[in-house]
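For clarity, chains are labelled A, B, C and D in written order, and residue numbers in each chain start from 1.
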Amino acid sequence: MTDQITHIAKTIPIEHYIYLSAILFSIGVLGVLIRRNAIIIFMSIELMLNAATLLLTAFSTYRSDAAGQVFVFFIMVVAAAEVAVGLAIIVMIFRNIKSIDINLLNKLKW
Amino acid sequence: MIQNAWLIPLLPLIGFLILGLGNKFLTKSLSGIIASGTVLGSFIIAVTIFLGFLSGENKATTINLFDWINSGTLHISFSFLIDQLSMLMVLIITGVGFLIHVYSIGYMSHDEGFTRFFAYLNLFVFSMLLLVLGSNYVIMFIGWEGVGLCSYLLIGFWFKNQDYNDAAKKAFIMNRIGDLGFLLGIFLIYMTFGSVNYAEVFEGAKGFASGDSVLVVITLLLFIGAMGKSAQIPLYTWLPDAMAGPTPVSALIHAATMVTAGIYMIARSNVLYTLAPITQTIVLFVGLFTAFVAATIGLFQNDIKKVLAYSTVSQLGYMFVALGVGGYSSAMFHLTTHAFFKALLFLGAGSVIHAMSGEQDIRKMGGLKKYLPITYITFLLGTLAISGVPPFAGFFSKDEILALTIGPFSNIIFIVLSFTSVLTAIYMFRVFFLTFHSTFRGTEEQKHHLHESPATITIPLVILAILSTVGGFLGMPRIMSEHHFLSQYLAPIFEFSDLKSEAKAPSEFAEYTIIIVAVVVLALIVLWAMNRYIKKASVPPADDKQTPALRNLIYNKYYIDELYDAIIVAPINWFGKQFNNIIEIQMIDGFVNSIGKTVIWGGKTLRLVQTGAIGFYIFVMVAGIIAILLYNFIR
Amino acid sequence: MKAIIILSALGLATMFVGVYNFKKALLPMILLGLLAVIGINTMEWNTNIHYYNDMLYFDNWAVSFTNLILAVSILVFLLSGQYFKKNTDHLEDNYSIIIFTIIGAILMVSYSNLAMLFIGIETLSISLYILAGSKKTSLASNEASLKYFLMGSFATGFLLFGIVLLYGASGTFHLHGIKDYVIENHASLPTIFYVGILLMMVGLAFKISIVPFHFWTADVYEGSPTLITAFMATVVKIAGFAAFLRLFFTCFSSITEHFVPILCILAVLTMFLGNITAVYQNNFKRMLAFSSISHAGYMLLAIIALKESSFIAILLYTAAYSVATITAFAVLLMIKAAHQENDSIDTFNGLAKRSPFMAFTLTIAMLSLAGIPITGGFFAKYYLFANTISAGYTWLVVLAVFNSAIGVYYYFKVIIAAYFKEGSEEKLSIFPAYQLVLIITAIATLLLGILPGLITEMM
Amino acid sequence: MATANPIDYLPIIIQFIVAIGFVIFGMIGSHLLGPKKHSKVKDDSFECGIEAQGNARLPFNVKYFLTAILFVLFDVEVIFMYPWAVNFRDNLGNGTWFWEMILFVVFLMLGFLYIIKKGALDWD
């Protein structure tokens, strides 16, 4: 059963996975670049991480090497920790300035 | 005894530590004794070693204290090189240094920072000894930076005055420019020879052809360092400003010792310089130009210490000329005599300033002869020495340099240098007569306070006066004596260079001519100056009076400070502001007015791109990443 | 390795000691714990053990960088006692998070597998995001935290993508596996491999604040609580550079031509921007931030040289830099503790009168940062530059030396303020712990300058 | 199935088209066909029942957030048990295999204990 899934996954050329991940990653980068809402920026960053995760899974499948997939678990846990901390920071900011627009945060400069 | 040479720098260091740590607990007299005592101790040790060299009992020795760095290809040991050259310098530093320490006990007696002052002085002596004793360029550099730091601390010693702070800062920054060259030179030496030890470097250099471009670059870089430390054009403006410090500091650091570090460095590296004739020529002309320009500036200065400062710059120029024509031992000779008479002149000036309650303007002095008899006589001897009147010290050393310059570059050097020495005599006698002769021009209150200085001040003056008088016999010209003591003493150091360069000895005719012409011209100058400043009692005009353009130009030191402001300080400030604004875009509004249109345009453009602070940051990051990737793909 | 285990236990213990209200015991326990960890860690010297299928590799470099991190952390903890005195509500949280940060840093200096590098960096960063915002009511702290967080996790994204691409090309996360892969396929490395190298470079460059990824530095340093800034400025730099060098030296030293030109450009930009911007700063913390950027530029030269001796260069440099930086922050904290003033350089005015001891130690620190003999900073710079020259990058050293001359200007601004300017006349008393820290750092700075052989010969 | 051709995915595409087409058809059709009468009662949030008061987008209590985040954290930690469980059979002989997971769970429990002690789960 598992062999079959691997097999099917391999019917799509690896380049396609790379392109897909690169595109997802770029969408994430663009999101970070053009959005001003801290939460949406944060979601875009998560998208970048997930693009990497997807590619990692693909490589792992292609090489039949479990190491890549175990790494995926680590990434997920780290991402979850990042979510926890990130949202906490955003909530803290929202309590203080009643907004999460990053453009309002420019007191530290020059 | 020579194995104990490490004690020489250690004693002042101990003195510094005691004074620095016990700042609060030591009485003034005790700290004076500790400071002078440690330097005297070093001096005595140095003398015994020196005598050993004279008797031929001591040979050049390297004393290895500990391995400083030892990893892979990099070996640097903390070791001292005890040889004829370094011992000569040590004698000057500790000898003159001791006298100045004693002098300072009297001079600084009313200052609240007495102990701090002596701590700095001892630290300075330590650093200077490290500089001359080090057996490799890195140790020399450490001492080099150390003396720079002490100089900085001592110039700004009376830090309540903002001008003094600025002077201190200027000195430090100018020196840093020089140090940059020195440091790069050291790196290049390490790269070329794989070592920074003198012995190995010079041995390696002997394998190079004369004029090899690597050697030229190395020597040029080292020379930049020397220009900074020894106040040569274009890095000389800090020295006159450095006169803001207490007078003993000017005498010790800015006349006798630290500023000669550049001379020492080149003399030490004589093998490299001899193999780089192009650099030698540059050294020669920089020295010549400096000697001349500084002397002309000195003609119209009215601050007694400023005159002496420009005179120091000018005399250092002499030494560089000597180095430039390959007369290393002549340069060291002049360095020695200059240490004597310039220290004397500064200390004498200090005594005058002390008596005048801090007044430094010679226009407000005059007629001090009868109030300060000892200072008067010693200052006269110093003036005679620096002007080159036979048989005083300056005469021998200066004429030796003059004699060396006959010949190369169709005598132009000789002519300019001779003219400079005429100028030297003029400004020195001008100062001398204005200060001590004619009638007193200060206020009544000052007149009331006039008194001869205490013994701690006058005794060093007398000793230095004696040295300035007889110091010249260290190196008599060939026509008077078969035995040139100093050049024979130093011969082992300059062996290679003397072999390489063709015989430098001038003809007997030339030496006689120089001596006779010198005496006649000097006599004329003295007569002229006496006529002008004593008989006519002419006093230089006050600052605000209209003066001829040329004189004005010279009086304002050729506007060199202003020029520096325009071409160096201003651009650096401009860049600082520029960066600040483009990058930290939010600031635009605050600074718009002070910065050029470029920045406004750049700021406006960038502001359009930017949606907010973090957004902009991330934008630049992404742009950077894209640029990096593109760069890699295009390549 | 044992260091990591013990520190984790120490971190957990800290949490619970705090919860059960033995807050007085916290600091002594942590200090003793850290000292013990240094001792235990030192025993791994020369053992060169690979742990857990070569996930971690404790060679002598890892051991010495770990010790350096621990030593610097002890200094920070010594400062923390007074700093948290007023507000002990979240004391144990702060402490345990700092300890977990240290664990992240140790992972970064001892990894032998990219997974460990990633986990180390994230442990370090996530903890620091929290610490940066630990002054919950201060807007500046909030802002610093959010900026650091958003930009940091953005950079992490690149780092991660880089790791994935390297894995995709080479099929392994092990440093030695990647190294073998590079050597075997020297001529025909795929494009994704190069992109992977570059993206990893970007991610790491962010952590050590290399231009143009440096923007967070100044803002975060300024906004964060001062003690945390001190911790950040030192430990993160040490760990970041050690990790950078470990990766590039182990894996990519045979294909330097692909990234060294870029690193050269970045180094030049970093040195110039850091130094020139610092000249204009009036806020001490911001000045130190830009100075830390410029130091990162110098240290990048060691990575450009990419030799075995680069490790010594980085070790010496980070040690000298960290010790001096801790001194500067300790003095700043002490002055601020006396009366709530701003972070402007003017707060140092007249310090020589108010506390000669602090002025003296501050001077040593500034001289060291400026690279004046006989301090550690000079020697470290000298070694670093000599190392770079022997690798053949003379022009970079020329620029670096030029830059360090600019640096002198702003470091001396501080010394001038302390000695030559009139300020408040009120005497400053100094807490014993701070005195201890200042004495230790001053001695360490001088020792590093006079007897660097102690370190270099050990290696 | 040895190889996958793009043509094999055709049914999926057709299904997509049908699904989207139905939605679009439904929306446009109801818009065109439906009568358009407005009255106050009809435009209310709820045609019958209690009047809506204030803005529905009120910030919710931070406690919800905290609980949710903690849930996510502990939830995610569980994924480490997955590879452990998958390899459970093969590693039964390994002496520390079982205790490693116990240690992991103990760490999680310590974290949980800490949360409780800190009062993060207290609602009031």
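Keep this in mind: a contact is a pair of C-beta atoms (placed from the backbone, for glycine too) under 8 Å apart; a residue touches a chain by one contact, two chains touch by 3 or more.
Small disclaimer: the values here were computed from a predicted structure and weren't measured.
Undergrad: Could you name the chain whose Cα mean is nearest to the mean of all protein Cα atoms here?
TA: Of all chains shown, the one whose C-alpha centroid lies nearest the global centroid is C.
Undergrad: Count the C-beta pairs in contact for A-B and for C-D, then report the pair with the higher count.
TA: Counting C-beta pairs in contact for A-B and C-D gives the edge to A-B.
Undergrad: Based only on mean CA positions, could you tell me how far chain A sits from chain B in angstrom?
TA: A distance of 64 Å separates the two centres.
Undergrad: What is the distance in Å between the mean C-alpha positions of chain B and chain C?
TA: So the centroids are 40 Å from each other.
Undergrad: When the C-alpha atoms of chain B and chain D are each averaged to a single point, how far apart are the two points in Å?
TA: So the centroids are 78 Å from each other.
Undergrad: Two-or-more-chain contact residues of chain A, please, as numbers and ranges.
TA: Answer for chain A, listing residues that touch two or more other chains: 29, 32, 70, 81, 88, 102, 105, 108-109.
Undergrad: Residues of chain C touching 2+ other chains?
TA: Within chain C, residues 146-147, 150, 154, 158, 219 contact more than one other chain.
Undergrad: Could you say which residues in chain D touch two or more other chains, in rising order?
TA: none
Undergrad: Can you name every pair of chains that touch?
TA: Those chain pairs which touch are A-B, A-C, A-D, B-C, C-D.
Undergrad: Help me check something: in the complex, which residues belonging to chain A touch chain B?
TA: Per the touch definition, chain A meets chain B at residues 29, 32-34, 36, 101-103, 105-106, 108-110.
Undergrad: Where on chain D is chain A touching in the complex?
TA: It comes out as residues 1, 3-4, 59, 62, 65, 69-70, 72-73, 75-77, 79-80, 82-83.
Undergrad: Tell me, which parts of chain C touch chain D in their complex?
TA: 12, 15-16, 19-20
Undergrad: Using the touch definition up top, name the residues of chain C that touch chain B in the complex.
TA: Per the stated touch rule, the residues are 146-147, 150-151, 154-155, 158, 194-195, 198-199, 201-202, 206, 211-213, 215-216, 219, 258, 261-262, 273, 276-277, 279-280, 308-309, 312, 356, 367, 372-374, 378-379, 382-383, 385-387, 389-390, 394, 397-398, 401-402, 405-406, 408-409, 412, 416, 419-420, 422, 451-453, 456-457, 459.
Undergrad: Taking the complex as given, what residues does chain B use to touch chain A?
TA: Where chain B meets chain A, its residues are 580, 584, 586-587, 590, 611-615, 618-619, 622.
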